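Listed below are the structures to be examined.
One chain, chain A, appears in both complexes that follow, with chain B as partner in the first and chain C in the second.
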Partner chain A sequence: MTPRRKRLLLVGGILVGVATATTVATFAFRENLSYFYNPTQVTDGAVPRGRSFRVGGLVTKGSLHREPGKLEVRFVVTDLNRDVTVQYAGVLPDLFREGQGIIAHGKLDPSGVFVADEVLAKHDEKYMPPEVAQSLKHKPNAEGGGT
Partner chain B sequence: MIPELGHFALVLAFLMALTATFFGLVGAWRGQSAWMAVAPGAVAGQWVFVSLGFACLTYAFITHDFSVVYVAHNSNSQLPLLYRVAGVWGAHEGSLLLWLLILSSWTLAVAYFSGSLPERFRARVLGVLALIGTSFMAFLLWTSSPFARQPMAADGADLNPLLQDPALALHPPMLYAGYVGTSIAFAFAVAALLEGRLDAAWARWTRPWTTTAWLFLTIGIALGSWWAYYVLGWGGWWFWDAVENASFMPWLASTALIHSLAVTEKLGLFKSWTLLLAVFAFSLSLLGTFLVRSGVVVSVHAFASDPSRGIFILALLAFFIIGSLILYAWRAPTLGSDAGFALVSRESFLLINNALLVAAAGVVLIGTLMPMFMDAFGLGKISVGPPFFNVAFLIPMLPLVALVGVGMHAGWKQARLGALQNRFLTLGLAGLALAVLVCWLGFGRAGLLTLLGFAIGAFVCLSAASLPIARWRRGEHLSLGVLGMSVAHLGLGLFTVGVTVAQTYKVERDISLGAGESYTLAGYDFRLVGTRPVTGPNWDGVEATVAIREGAREVTVLHPQKRVYRVQTNPMTQAGIAVGPTRDLFVAMGEDLGAGRWSLRLQYKPFIRFIWLGALTMALGGLLSVGDRRYRRAATSKAAMPAEAALAEGPTRG
Partner chain C sequence: MATWTWFHRLASPPHVYRISGAFLPWLALFTALFIGYGFYGGLVLAPPDYQQKDAFRIIYVHAPSAWLSMLAYVTVAVAAAVGLIWRMKVAHAVAASAAPIGASFTFLALLTGSLWGKPMWGTWWTWDARLTSELILLFLYLGYLALRGAFDDRARADQASAVLAIVGVVNIPIIHFSVVWWNSLHQGSTVMKLARPSMPGSMLWPLLSSLLGFTLLFAALLCVRLRAEIIDRERTASWLRPIVGAA
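Presenting the complex of A and B:
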């Protein structure tokens, strides 16, 4: 084999490898994406059944409920149009507060309660998850929901 | 007065950078020696004035000058001195100033150590570096001056509590030193393209700078990961967050660049590819700056979401990337390498290394940018998280790590790996035996991927260790370069082992505990002894006492805290961690659940220290190879140098 052919072979092999990796990565993409929905889409049934997704909105004031001493907690997330009840058993993030924007990741159970396996809250005062901010945009009084 | 002085100093620094750009680039183009001679002095002036500006801002922080908007937003009269100093780079404006200070320092270092380079080449390198400085100085002055004033505020809004941590005080300077350091390889690449000439001396010149930048980047990323582990309170070490990815992509590209530079130096091959990688690494650094600074991604790092800033950085990004790619397309064909090479040789291993590293960087890039594109084109809002990256990243990385173990023994030009077959077989079997021993017997269970990951990691460790030992036994000279390479690859092996074990055998539980109750996790008994109030300089909090036993043996007592910072009233978790060589035990406080109970997050993290130990070992390897004597002019050995060294030798003056 001439050096040129060897080199072609090597480069070709690498290209095939990279292409394979990219293909597999694309498939991994489809399996592992998680989509965001707002409470209105959730109550309208526009969400996948039996698959994980993310829901976000403001935590309704006074909706946080927990039996004293129990880890399980329930609260209501709203986009000021529709509400979704979220159930979670775990440590809530430091910045979780009523009246503020959060994102929960999990599945919808048959009774319409969102069972979360992860709850994310904003990192600082100025931060509202962008998806939340956008789904609240058309509501003029949305800003008042904070703090 | 002092803030105005600082602002004035920054304006002067901008003018100095502009001067260096003009005289460096235009002087080299017109071949005017007198013009080119201006560049080093102007670059030194740039450094002096940026430092002065930085000192003024630091002074404003230390003296609590709350008439400066930036200080009022990011400091407080109660803030301890260390965090008043670190607070300088705690938000957008100041961290950009730190970015510029580091860029100016790198530029000054290049000016100082480049006296032996051909005049024209040197002027071009300095000109390009000064051009980068000029553009970012303009960005700072026009969109984000840290010295803007307001009526004196009674007190400051305090530094974000998450940032009040020693690791985080160090993380930005280290990371920036690495980020910004990629601009040097870029400047060298652009200068070579302008010159239309690239030889082994060019590569030897660029290598130590690139390696130094790479080692800072490595340490910076490791510090950030360590901080996330114990401050964010989740016990994870890497989240594939867009901002983490922003620092990781330049790291992957720089790693590829270091390796391709080795080939360019030794054999004069891969010239165009090396130049392209230098452009990539710098572009990815700029892209990272854009992602972090523009507010396109939202995370703890995204301080500002001012659209004008985003557009400014995007324009800079477009200018540097498109400009350098056009230059590349125009000039690179003249630099082509003619020589072919053998299929089994170190250079072909390094070529595969480069392809896999670039593929890995591509995977990370796609995953990071995809949500933004999907959103921009109205295809839905998605998040691309660990499930994607963990799979997609592993595909190029696992074969890469395995090949590292073989490739570093391969000789240049034509390797006879057959002669080493026995050694590889022994080391591979030893790695597999270790994997079975630790995973199966130590942890009681092991999947195929776990065994494979561990075996490959262990094989790389053994292979890296055997290289210098074999040379030493044969009585050959062991250069720091070879030693550095072995140490860095040892670090990669340790890292691989750490990630494999930590990801497979970690145990995490969120539980509710009352005083006196206990919970058993991974054979350790965690007992909540009680909680008590505690007070710090600028926070109040609750501290829990958690006693951990393993069977009858008392292991340790941990004191995790839940703090509430007085000014920003944000709660913050300070985890209690029992550090061990083979496992960490981690307790973070959740919240008061009422009825005298607390929610706690308990974690068992085996081998997690190997992850940071591995990263630091890699950085140490980089440090050793930078110290190699062939980079020092005084000690250059003529024998080791390829004949076509047209540029002067060695980057440092002893």
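Presenting the complex of A and C:
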């Protein structure tokens, strides 16, 4: 074996070794690497108990309820399978609207309501001009509309 | 093996110095053209987004910076591997020249993302998989540069930093696929995926032009830095004397 070949194998070996180690590690920490849980995991009890975590999903249309004269809001987050009610007192981000994806950080209270201390808006990868979005709204079956 | 002549000639510092000098004006010209159209088309001609309004226009800087942060790292890692395996000094010079450019683009990607994140997501920073892996990339660059600076002997600096660069390359697929593999706050890819881009042509063409323009900018900056690096490394060589004068 020439020295060059040896060095080639060494570099290849380092790469394969590090890649394998990283793959194993990321699989082991899969749960922790996910930024949020979805409502199905919440209702199935697959979320940490008594600890803060994040829940993400779409805000159900027509579910936003605001206490008159207060910052407090209540809305339902869904993954189109299960729903979780979220209660939050604070400023909502610009992109927050019904039908839009959001991620809330907080705790489940005993009655199953998620009490959030932070609400972030999740944007999707779709971009379009306002006119296109308008015309898609009138054709409910058109692809690419909404989130 | 005649097909490998071009590769073997790249091991020659004077040859690389000459061709990088010849490419430079062309790279600069096309960089200006593509970034010019990309920015004009993206910031002026493209319509606002239906949800983000004008704030989406940061994509014309953010996405190319993020792309370059990864491309520059792969350049460093490949050059470092070639330098290690074929003992090619010019390859080590390429790795050393590309790293600070890549670190700058990484910083720019994190900065523009943060500026966009505050109004859109509601936070400057969060420990989401995409954001965290991109921050790790910045630390890899800084670690690479620090390690390189820690050696007085250039040959040892080349070798030690090359190993770090090669090990760090596993982070690149993690950054790209972080939004696919795990639930994340950061949205998925709009352009860099197998499916059709999720963007109309009026927004997409300036973005593609900006991506290409940034790539050419990287190549141009790399040529400038590589030429300086070669002069520094070869300062005692006789071929340089007519170029830099009798210093």
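Following the convention adopted for this analysis, the second predicted complex is superposed on the first by the 88 of 147 C-alpha atoms of A that agree within 3 Å, B and C clash if a C-alpha of one lies under 4 Å from a C-alpha of the other, contacts with A are read in each partner's own complex, and residues count from 1 in each chain.
In the analysis below, a contact is a pair of C-beta atoms (placed from the backbone, for glycine too) under 8 Å apart; a residue touches a chain by one contact, two chains touch by 3 or more.
All values reported here derive from a predicted model rather than from experimental measurement.
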Contacts of A:121 with chain B and chain C, given as first, second, both or neither: second
Partner chain(s) touched by A:80 [first = chain B, second = chain C, both, neither]: neither
Contacts of A:55 with chain B and chain C, given as first, second, both or neither: neither
Partner chain in contact with A:89 - chain B first, chain C second, else both or neither: first
Contacts of A:68 with chain B and chain C, given as first, second, both or neither: first
Touched partner set for A:35, first chain B, second chain C, both or neither: both
Common interface residues of chain A - those touching chain B in one complex and chain C in the other: 4, 7, 11, 14, 18, 22, 33-36, 91-92, 94-95, 123-127, 129-131
Complex interface listing, chain A residues touching chain B: 1-4, 6-7, 9-11, 14, 17-18, 20-22, 24-25, 28-29, 31-36, 54, 66, 68-71, 89-92, 94-95, 123-127, 129-131
Touching residues (chain side chain B, partner chain A) in the complex: 160, 162, 233, 298-300, 305, 340-343, 348, 351-352, 355-356, 358-359, 362-363, 366-367, 370, 380-385, 387-388, 391-392, 395-396, 399, 510-512, 514, 568, 570-573, 588, 590-591, 593-597, 599-601
Interfacial residue positions of chain C with respect to chain A in the complex: 47-52, 56, 59, 81, 84-87, 119-123, 126-129, 163, 166-167, 169-170, 174, 181-185, 187-190, 198-200, 202-203
Chain C partner contacts - residues on chain A that touch it in the complex: 4, 7-8, 11, 14-15, 18-19, 22, 26, 30, 33-38, 56, 91-96, 100, 103, 118-134, 144
